[in-house]
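By written order: A, B and C. Residues from 1 in each chain.
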Amino acid sequence: MGILEGEKVTKFFGGLAAVFDVDFDIDEGEIVGLIGPNGAGKTTLFNLISGSLSTTGGEIRYQGKRISNLKPHQICRLGIARTFQSVNLFGNISVFDHVFLGSICGTASRTKAVDARHKAATILELVGLPARKSELAKNLPLGEQKRLEIGRALATEPRVLLLDEVMAGLTATELNSFTTLIRQIRSGGTTILLVEHVMQAIMAICDRIIVLHHGVKLAEGLPQEIAKNQKVIEVYLGTDAYAER
Amino acid sequence: MDYGKGLWTKSFFSSLLVLFLATLPFYMPPYTPLAVTSILMYVVLTVSWAMFCGPTRYMSLATATFFGVGMYTSAVLGERLPFPVVVLCGSLGSFFIGLLTGYICLRLRGFYFAIFTFGLNELVRNFVLWWEGRVAHTVGRWVVLVDSLTIYYYMLAIVVLTVLVTFFINRSKYGLILLSIGEAEEAASHIGINVTRYRIVFFALSCFFMGMAGAVMATKWAYIDPRIAFNPVLNFTPVLMALFGGVGKMYGPIVGAGILTLASEILLSRFPYYYMLLYGSLFIVIISFLPDGLVGLTGRWRRNRGTR
Amino acid sequence: MSIKLIFDVAITGLIMGGIYALIAMGLNLQYGVARVLNVSHGEFVMLGAFITYFAHKIFGINPLLSLVFCGPLLFIVGFFMYRTLFQYLRRTSGSLDVFEGRSMLASFGALYVIQNIALMWWGPNVKAYSYLNYPVRFLGLTFEANRLAALLFTLVLILVFYLFVVYSKAGKAIRAAAQNEKSAQLMGINVPAVLGFCFGLGSLLAGLAGSVVSMMQEITPLIGFPYLIIAMIVLVLGGAGNILGSLLGGLILGGVTTVVMYVEPGLSLVVSYVIFALILLIRPEGVLGR
């Protein structure tokens, strides 16, 4: 029984099944990748886990307890944090205050303002933004905005971190530093679930990969296995170039 | 939320202003406190409107409703209870109705929230009109009289209280929380903020002060009826004043309310015939040419980064 | 419960419903298409009523014929208002939300201006005229001719407008612009012109409704506001952008409020609001919304 489990998770929008009968079992400390073509249901699944959406069927469990129909702020306090597909920051709030807010509002037990400030400073160091702490979020370039989103999520002391296409739009250098950052976060004990299109990153970081297609789980396994999986190749990867690593 | 730099200067000048206003009756003719009372009323309404609607970006058009609740509390309880208690009851009444209203309608998004609150005032007005006619068998009510000087000092105290509360909210984590709700509600809920609870509570808090002002002002106007107490003008005026002053900084609503009330008092006394015409035109001009309010103007002059 | 009473309620209900439908469709054209929540809309109803009144009083013109100039006159006023004020606001607003907020507030200023001008020119006193005030026998019952005329007039107007919106090219362009401006533009529809036209058209409808109102009740410069409130309720009921929804919503609300008016007069507006609140909370897109 892993830290985050899903059993027959289903979500219907009207007559359309965005996610259908999806099972998953994430162990603590893993980095699991979630891939699939656009519209496969990846972000919907994230939304179901984080509480933005409620499930139509099935169950999601965190540390053995059912979280399927809790509100986002409750799920955050339990220890699941996320970033968003299109960066969702508080434009007119400073970098420091983003992380400060996360620390003071999102932790399981009350955090005092003084401690929250210390923690915010530490996290800003981790994500590489201490120099920008007074800057308003709307004035940051994309790469830094993504770091800030991660930092804000980390401030809530999550056991599980959901990263939604965090690598999209980054340069090669940035990709490298993000990869390092994610590994650092994991070595701190956080479990990571990663939705990505950037194959290079996924194959490099993930312990395991789950593939979704039209809302259904198509395949699951080690990166090398997925790279060789015929069904996945047909649907998504196009060639088996990655199998040769 | 950096208040460090100018904080001592601002506090000093603010205290000076309060002192000046507090001692006003001693060296100004008697009608001055009366006129200033109106200004104080608008300042309270504008600041309490901006307390919630500024950071969260909701456009509440129900200020008159909560003000009116305070007025009616005063009218009903005025004979039986001492004045301070009546004022407190008016505030609490508005607070609880604010909680209920907020619970019902804060889930609505921008446009729908605005017309719901707009309609709410009409609903309450018509309902009270019907109730007074059918059940209480009266049209309006007389309010226990309180002398103008007491009213003046009460209003001054309320202004100070409202401004102080707003100030401390903005400085605290609650100010950040409200801002985050206005900027990106979904993200805010994902970092542990119980958006619903904070929205409702702070909305009700702003209603508290509106009710407080209503309870006091009822004694000044002495006679109230649903048309007076739930006057739709009071729904839009604080919004206009807040926008005129600018919602980015805290003193914006205060300055906006002060200047506009003064201007309208002058207009009313000089051109009673054309008053509405001029007032409406002023409205249009301000909306058209001052989108960021006065505060925004000073921002542009000093070439600061924008306030919003 | 006599047959006469039922007929009375029915006729009044239909007339009121027709008036509400016209005013609401007008408001819907202005908000659903031009995105302006025109709080001064009620004042156009008032203006329409006064124009009809004066036309009858001074020139002896048949109120039913006043639509010929009443509508176009108010169309021009509304169109002018849009092109000068709201188009400017739209240009200078960063986002649609900001524009909606500012234009609503600006229209509030316009409300004051129009109301004040009316008060200055015509005074606050009540005015009324009597027209076609003779009884007519129909189905063995007696009705007033003016009420039947008003009913016919309203229903004809609504029918004409309905046909226009559904079947004419202009009507289709309007509905397209209401649903999706960008796509409409890509289809070759001159959206900016449509917006101004729609706004004016909305004022036209308000004016025509005002004509009917002047046949039914006494008028003062202050009668506009309650009609605005009702129009907003119907707008929400039928769904913003859904012109036909406003039509149906207006008729339904007219019927409901008339019934309530016969039972407990002071509560008719209250009942409308409660319906309004319930709809907003349960289904903000409107019962018939998109």
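Following the convention adopted for this analysis, contacts are C-beta pairs under 8 Å (C-beta built on N, C-alpha and C of every residue); 3 or more make two chains touch, one makes a residue touch a chain.
Because the structure is a prediction, the values reported are computed rather than measured.
Peer 1: Going by the touch criterion stated earlier, list every chain that contacts chain A and also contacts chain C.
Peer 2: B
Peer 1: By mean C-alpha position, what chain is farthest away from chain A?
Peer 2: C
Peer 1: By CA centroids, point me to the most central chain in this structure.
Peer 2: Going by the distance between chain centres and the overall C-alpha centre, it is B.
Peer 1: By the contact definition above, name the pair with the higher C-beta contact count: A-B or B-C.
Peer 2: B-C
Peer 1: Using Cα averages as centroids, what's the distance between chain A and chain C in whole Å?
Peer 2: 51
Peer 1: Per the centroid of Cα atoms for each chain, what is the distance between chain A and chain B, given in Å?
Peer 2: 43
Peer 1: How many Å are there between the centre of chain B and the centre of chain C, using C-alpha atoms for each centre?
Peer 2: 32
Peer 1: Which positions of chain C touch chain B when the two form their complex?
Peer 2: Residues 37, 85, 88-89, 92-93, 97-98, 100-102, 104-106, 108-113, 115-117, 119-120, 225, 229, 232-233, 236, 266-267, 269-270, 273-274, 276-277, 280-281, 284 of chain C touch chain B in their complex.
Peer 1: Which part of chain B faces chain A closely enough to touch in the complex?
Peer 2: Counting only chain B, the residues touching chain A are 1-2, 173, 176-177, 179-180, 183-184, 186-195, 305, 308.
Peer 1: Which residues of chain A touch chain B in the complex?
Peer 2: Chain A reaches chain B through residues 50-52, 71-73, 76-77, 81-82, 84, 88-93, 97, 100-102, 104-107, 113, 134, 136, 139, 152-153, 155-156.
Peer 1: Hey, which residues of chain B end up touching chain C in the complex?
Peer 2: Counting only chain B, the residues touching chain C are 59, 104-105, 107-112, 114-116, 118-120, 122-123, 126-127, 129-130, 133-134, 232, 236, 239-240, 243, 273-277, 279-284, 287-288, 291.
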